[in-house]
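Please find the structures below.
One chain, subunit A, links the two complexes that follow: it is found with subunit B in the first and with subunit C in the second.
Let's look at the complex of A and B:
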């Protein structure tokens, strides 16, 4: 038996459409996960013990259960409580919420890394809570949270493959369907692996550039 | 209005079961330098931090120029000030920390001008012009564009003093400003503080620099185990015969300039 990638690559437009859905869900999902994770970490840090406890529960549940189970519950279980989502919306929501739990932990560690004295100094010159977060805490933690954040973004990219199981027409679903139709199953898997890897390397490269830019701005 | 810059009345503070301040009463006179001395763990830093409401006293009141800081008395007992009330009360004080606490992602100029831009809402140019004057005052104009990591400890502390002065406070609080510095570098910081004292700034200084307390202080307060044992002019405090507890304390600091008052 010999590999014949031509049968897969002949379906270029279909693959590109799957790739488009993957990239869209990944970028939008990661952006939402970062934003929601930051809000959760900030609320846990400044909202008092009760809010901290209330938010800790979902974070721990999301980190403690497999992503596959979460999206099954969301997509197949949702209708039981009146939550009917189309596959792409369910996938985007799933990635965002799951990612947010991890990003909230990254930002929690970021908050903890800033010496309390730096916050006290800001309070003493009259900074409001919001100003302290925006002008002191966020920039100071940026360099520290960037590598784990990039890492998480890469994990989220690869986890979008699982969305094929709730029929999101993303890259894994599209390419494996082509493979089945063309009796080229292994070829399709190899193509998938290569495309994901290329995306990850691209993300890594962008991450390193950003890191260097931030490092230049913040001499520590 | 009162003649005191800071009035401390019956202030007590405990961390868990550990009592760190016991019923402190102290008046900090305007335009004078009051030094808090005492052994480690005596509560002097905690008392200073209570004045800036960085620590919350469990009982008692602290008035800054007659206005309460941290807590206000209401119909249902004392309540915490709102964030805005607290900011207003704190606006009269400038705080200098042992560990400088400069923001590492901003230059010296950025550190000093930040409050002018963010709190006073000045334009960048206006804020930086004022910040530059403050840096000139602490002799660091030529280092304005350096980051804290590119400055020596003494320079960092002088930037921190300039930062605290930027908002024009009437009272400066110093929490062991030279304790994190090499002996060689303490001089430059103490000189800046001396200049401030000469200009009539009200200052409260927690220090182990007994020589500074004796030569610059108008009032020396000795704390031990959370109690304010006594406070008086340095001439009276350091004149023989001394309080036995102070004598014992000074013995341990002979090598740090206490010989000046022997």
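Let's look at the complex of A and C:
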């Protein structure tokens, strides 16, 4: 038994390209998921009971089924209803919609945490709905939604690995392909695990710093 | 999409349930052990548990499963894919459950621990008879959450060759050229299982004894 990591590390540029795709899909997917999740939560909060109910169904379906099944359905099933997407687009769309369901629940909990009196007070002094959201609700719930949002971003980072199964050329696919070509599969997976571990710890660390900064701002 | 195909998916979902249930409880056992290591006061055990938790929470489950599946044979251990799947899922969930349990252990009223010590319980006895049951009760909702996560995450064990719901759906989609209805049906089965678990958990929560007052 001998491990040969040199043949893997010799493919540095390819590994970096996979890492780049992973990070780009992660950042773009998380940003889209946050935006869409916020829209969904806001529509559910202010759109009346019907919109709330109509949006509840997709959110619960997305939260109740595995991400893997969702991307298989999108990528392999999509072409049968005329939705022919290339892997990267399908992956990005998949992770954004999946993430949006979870972010919408985070924002929903955030909205619920703000005392109704604060919203009523804002309305009394003539704030529009948009002003109420921007200047009362968002700042008040920021501290509460930040930790679960950071957590979710890290979950999404790890879930990008699944996109290798629909042939997105991200890190898992790139590095395991190098491993197969070089007859060093175990070594390639060890390298892969270490890079993900470092990325997640880095993201955790950045999250903690951000939380501390925001906490300082909101002390009154 | 015929009734026969749906039945095949339903049969495969029994394997999903079997693997998930075993992994959740094996993971809970590991998690209690990890918590004991962290509270032991021994720096090596503390550091070891911390490293384990950080690794299994920091690496995607897919990569963990590929690692276990490919590494074990190299070091001379060959296991059937069922065993690999359960080991992979339970190690991963153990790391998350240990984090959940930490909150539970911190919430155990100090007075109860002190009374146990006054009554002559050793540290180990206090851990087994006082701290652990209360921490488990306090973190029951988190355990249910984790159970639902594992049910969904079990879809990944298809990569180590175990034929459960997702792998069966993949096989059927490839052989019938009907990925749309087949993956949709698989998703529906996962959804129904999760709804049942969530419903049963709410019932169980009501039936469980209440928490000790602070």
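Heads up, the rule we're going with is that the second predicted complex is superposed on the first by the 219 of 220 C-alpha atoms of A that agree within 3 Å, B and C clash if a C-alpha of one lies under 4 Å from a C-alpha of the other, contacts with A are read in each partner's own complex, and residues count from 1 in each chain.
Just so we're on the same page, a residue touches a chain if its C-beta (ideal position, glycine included) is under 8 Å from a C-beta of that chain, and two chains touch if they have at least 3 such contacts.
Given the structure is predicted, the values throughout are model-derived calculations rather than measurements.
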Task: Using the superposition described at the top, determine whether subunit B or subunit C touches more residues of subunit A.
output: C
- prompt: So, does A:113 touch the first partner subunit B, the second partner subunit C, both, or neither?
  reply: neither
Task: Using the superposition on chain A described above, determine whether A:181 touches subunit B (first), subunit C (second), both, or neither.
output: neither
Message: Quick check on the superposed pair: does A:136 touch subunit B, subunit C, both, or neither? Answer first, second, both or neither.
response: first
Task: In the overlay, answer first, second, both or neither for which of subunit B and subunit C A:162 touches.
output: second
- request: State whether A:200 touches subunit B only (first), subunit C only (second), both chains, or neither.
  value: second
Query: A:77 contacts which: subunit B (first), subunit C (second), both, neither?
result: second
Message: Quick check: in the complex, which residue numbers of subunit A touch subunit B?
response: 115, 117-118, 120-129, 131, 135-136, 139-140, 217-220
Query: In their complex, what parts of subunit B are in touch with subunit A?
result: 52, 54, 83, 87, 90-91, 93-95, 97, 99, 101-105, 114-115, 118-119, 147, 149-150, 160, 163-164, 166-167
Message: Under the stated contact criterion, what part of subunit A meets subunit C in this complex?
response: 1, 60-61, 64-70, 72-73, 76-77, 80-81, 158-162, 164-165, 172, 176, 185-186, 189-190, 192-193, 196-197, 200-201
Message: Considering only the defined contacts, which subunit C positions touch subunit A in the complex?
response: 54-55, 57-64, 66-67, 70-71, 74-76, 148, 152-153, 155-156, 158-159, 166, 169-170, 173, 179-180, 183-184, 186-187, 190-191, 194-195
